[in-house]
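Just so it is clear, A, B, C and D label the chains in written order, and each chain counts residues from 1 on its own.
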Amino acid sequence: MGSTLAALNQAPAADFVSALGAVFGHAPWVAEAAAAQRPFPTVGALFAAMGGAVHGASDARRLALLAGHPEIAGRTARSGDIAPDPIAEQASVGLDRLSDAEYARFEALNASYREKFGFPFILCIERHGRASLLRTFAARLACVPDAERSTAEAEVMRIAAIRLNALVDGGGGLPTTGRISTHVLDTVRGRPAAGVALELVEFVSPTETAIVARATTNADGRTDLPLIHGRPVPVATYELRFWLGDHFRRVGPSLDLDLPEPPFLDVVPLRFGVGDPEAHYHVPLVATPWSYQTYRGS
Amino acid sequence: MGSTLAALNQAPAADFVSALGAVFGHAPWVAEAAAAQRPFPTVGALFAAMGGAVHGASDARRLALLAGHPEIAGRTARSGDIAPDPIAEQASVGLDRLSDAEYARFEALNASYREKFGFPFILCIERHGRASLLRTFAARLACVPDAERSTAEAEVMRIAAIRLNALVDGGGGLPTTGRISTHVLDTVRGRPAAGVALELVEFVSPTETAIVARATTNADGRTDLPLIHGRPVPVATYELRFWLGDHFRRVGPSLDLDLPEPPFLDVVPLRFGVGDPEAHYHVPLVATPWSYQTYRGS
Amino acid sequence: MGSTLAALNQAPAADFVSALGAVFGHAPWVAEAAAAQRPFPTVGALFAAMGGAVHGASDARRLALLAGHPEIAGRTARSGDIAPDPIAEQASVGLDRLSDAEYARFEALNASYREKFGFPFILCIERHGRASLLRTFAARLACVPDAERSTAEAEVMRIAAIRLNALVDGGGGLPTTGRISTHVLDTVRGRPAAGVALELVEFVSPTETAIVARATTNADGRTDLPLIHGRPVPVATYELRFWLGDHFRRVGPSLDLDLPEPPFLDVVPLRFGVGDPEAHYHVPLVATPWSYQTYRGS
Amino acid sequence: MGSTLAALNQAPAADFVSALGAVFGHAPWVAEAAAAQRPFPTVGALFAAMGGAVHGASDARRLALLAGHPEIAGRTARSGDIAPDPIAEQASVGLDRLSDAEYARFEALNASYREKFGFPFILCIERHGRASLLRTFAARLACVPDAERSTAEAEVMRIAAIRLNALVDGGGGLPTTGRISTHVLDTVRGRPAAGVALELVEFVSPTETAIVARATTNADGRTDLPLIHGRPVPVATYELRFWLGDHFRRVGPSLDLDLPEPPFLDVVPLRFGVGDPEAHYHVPLVATPWSYQTYRGS
């Protein structure tokens, strides 16, 4: 539903601005400035031009860019806004499922923040799990204004990069995505473990988890698709859980492994933290019925 | 508070029976039969003589031995009994913390069992976690009477062995105990990881855990005492949890490890099942900030 | 320099036979029989037709196919032959470097074999290291004639498959190749180990090794190309040797790892056997200065 | 054949000096000084007194202590000397097996060293493998005289500590010994691997190895005794070799592991360096037929 870069390069300026105005929601002047610098050889060059327009703008305009940004989980977001699909962006972190109490607390944080800094709290929420969002909000509320304004502007750029990628056909090519993948090796038999059920959960709080993905390993011991891909990996603690006991129950009889009940290893949890949403987290499981190992692979 | 084997060998028969009568709670005739065969070179020989008395007794006596056994979690147990410390034995599995609904269900199972087999459900409960107890109860209720009677008698012998061990000074020496131990190695530095906080929890149901032990590793990367020792390891699923992230936060700065926040590994859970209560489960953690492995060691 | 399958399908029969006659060196009738069954949708179908021609031929013709095969390391091979490049095929296993004594022993084995079975010893030598070749020769000399004749014919088919692959442009596609690859992970830093020098050696005898490949890991911790690929992996014992100590000497100072001299791990040897020449042997090294692991990966 | 510390504390001074004079071979005055400070509560206190006597002596005496020390592998050592069993001490590093050429080179090094520093090259050779000895000799020859004199004196103290330990009954208790030990775990079956043949070799040069010990694992997967113990572990590169393939050939059939020939893992070499002769090097092997890991344990 987007446009190709080639089409954007050749379109009338008004169409270009219309196509890309939402990248910086309340600031069509960014797209206008970029339109004048066409053609762009890559989406990266286009994005750099937009960034250059922001950084070269007057202080008042830059502040207005922040001040006009929709509040996260605020009334604006709930009641609709001109920014592209903020509800969908915010849904990723579960803000649409906040309890009334959490919503009230969030509103209070938003109010404190806006009072201290003069613009709403801006965060590229697709890059954060719920626990990380709350930690980050508290940490940023404590920052000094100058540093915080830079941070907010950097977040605006991150949000813009994701939007631009979505609007340009062919993926856009800005580095806004990460991955979580896995691989299960059965070292009793020296081959990939096929047919292993697994799930990926995120710790939305220290004691509460939400299922992110479920899959079964294929003949190569991998999942057909990465468990998270094509988007940032939210900063969070995750747990991969493998139904390893079922695997060895299936292959065990032919091997006469004589496994006890309950088995030594049944559901194997691998718990790991993600701190870099644009990175690849390859988390393999190399296992026997009596041992396993994992490591951050590549 | 017990007696030595030497003293038991030389005591008047009545004293011997008085000292060991509770090993088979309602059946002093077992101790009487053993008294006549003294002296015993080892506690094992004494226990074998008691077992011989049971197996050589008349069918009626053997059935009475089962029929007179206190019910688990039944009214008898709640209101006191002549067997040695049944409350303490049963407390190990959390039966004293059953909800009213669970208590009612247990009573119903007990009634069905007694009706089918003519004697109460007997299980050496120190060898079972709560989930295993319920699984075992259901499985045994489905057994054919002859097999179940043999199973019940074997459990009587297991209960007797633990009691005999407790009554004879110097440990008794019957193999009624198992162990869970661990060892944390830091392979960034090639040495034991000291000062690592850890806890052992038991899954009392698929989603509910109870803390069994907390400890901190010593200079050799081990806990000063095994996490479970000196008693059977209840059949259950356990999880060892290591505060590995804290360890590398402490040693990381001197190594300039440059760890992210959240770290890749923070609390590391090792989940494993115990099926053999008299075995040693050595479950080490060999780790870096980015990898770990475990195996059933020795 | 080969032909495409499409061209072979459309060529005059004589050209087809001329292009593929050498696949079964002394038996152009195989190619002739296949020519009549054109067109073939795949090289596999073409190869199956050639195999069908062999298996459907008279006993005398099949025996002649074996009897006419050049002897390995025999006078024929030394003095030239009509088969395509037998010297190059035999060079792979080092037969061109036999000492006079080894050559004499080989000649004696060849003579015994030919006397017992009536045809020369045939083996697809690209699938064997020197030690495996000698073991296989001794084992086959002890076989009963009927079984050995089947074995010899199977080897003729293996040789033919490799030759056919080489003669048809685009790789041919018959599964005649295996691979040895590796991957070095540095789990101190949780990332691939780049710039690690390594070598692959083959044990040509229990005490003698020959270097097969030398490489340095790239940014992903892998070698740019597999260490063996595009050909069968000779059945042999191999050793991968990694200059791991040099790696941690390079990254160690920035991490303040304080490594001893000599280091605990310096050159790390991973010794492994290959029994299936058409398989992929992925042999990774997951390491710190004080630990490592390997496994057959995928 | 030694004396107890108690006996030494009470003996006439002359007997004390006679018993311990050889600890500092050409310097009975060290023992004389220590005799006057008796009694000693521990061998450590006795050794400290001897060290105090050395460090408190006149410069001339201390230089004489070095100058009078027998040369390593020199004529003195070959023709006998008053120091206790220097031949046996030197045999440990294989100096008695030097070729004539090596002997000549050693003599030349000795001469250069003596000319530069005015005393012979002194090294506690039980702490060095042959390669380390040669490396150390070359490195020390390049040192400045003051530093080298301190190094030489430290080596005299190391030699003295080992001699004193040997002369005092009950082990003496000075920390002069290290250990190499191993442990083999079979993680297919989750238990120690018993009956595994293994050997420990030392690299006496980059390409030449000498067997240090051979053993077979016991029921706990360990060797009955450490492979090196009760003495320093010479600084060297070692290789532990495990006949793992034989182990899985034995247990494989009952497990129906269907292992190839040659197996993926047959003889597994673990190569590691020792830089601290008084440390414990625990080098376990945790293995399946298709994977293994090792680490410096404790």
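Keep in mind that, in the parts below, a residue touches a chain if its C-beta (ideal position, glycine included) is under 8 Å from a C-beta of that chain, and two chains touch if they have at least 3 such contacts.
The shown structure was predicted, so the numbers you read here are calculated from the model rather than taken from an experiment.
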Labels of chains that are neighbours to subunit A and to subunit B: C, D
Greatest separation from subunit A - chain, by CA centre: D
Same or different contact residues where subunit D meets its copy subunit C, judged by the half mark: same
Inter-chain centre distance, subunit C versus subunit D - centres from mean C-alpha coordinates, in Å: 46
Whole-Å gap separating subunit A and subunit D, where each centre is the average of the chain's CA atoms: 57
Contacts with two or more other chains, residues of subunit B listed in rising order: 185, 187, 190, 264, 286, 288, 290-291, 293, 295-296
Topology of the chain contact graph, where touching chains are joined (line, ring, star, complete, other): complete
Subunit D - residues contacting subunit C, complex: 132, 235-237, 245, 260-269, 271-276, 288, 290-296
Complex interface listing, subunit C residues touching subunit A: 183, 185, 187, 190-192, 220-221, 286, 293, 295-298
Partner subunit D, residues of subunit A touching it in the complex: 185, 187-191, 254-257, 264, 286, 288-291, 293
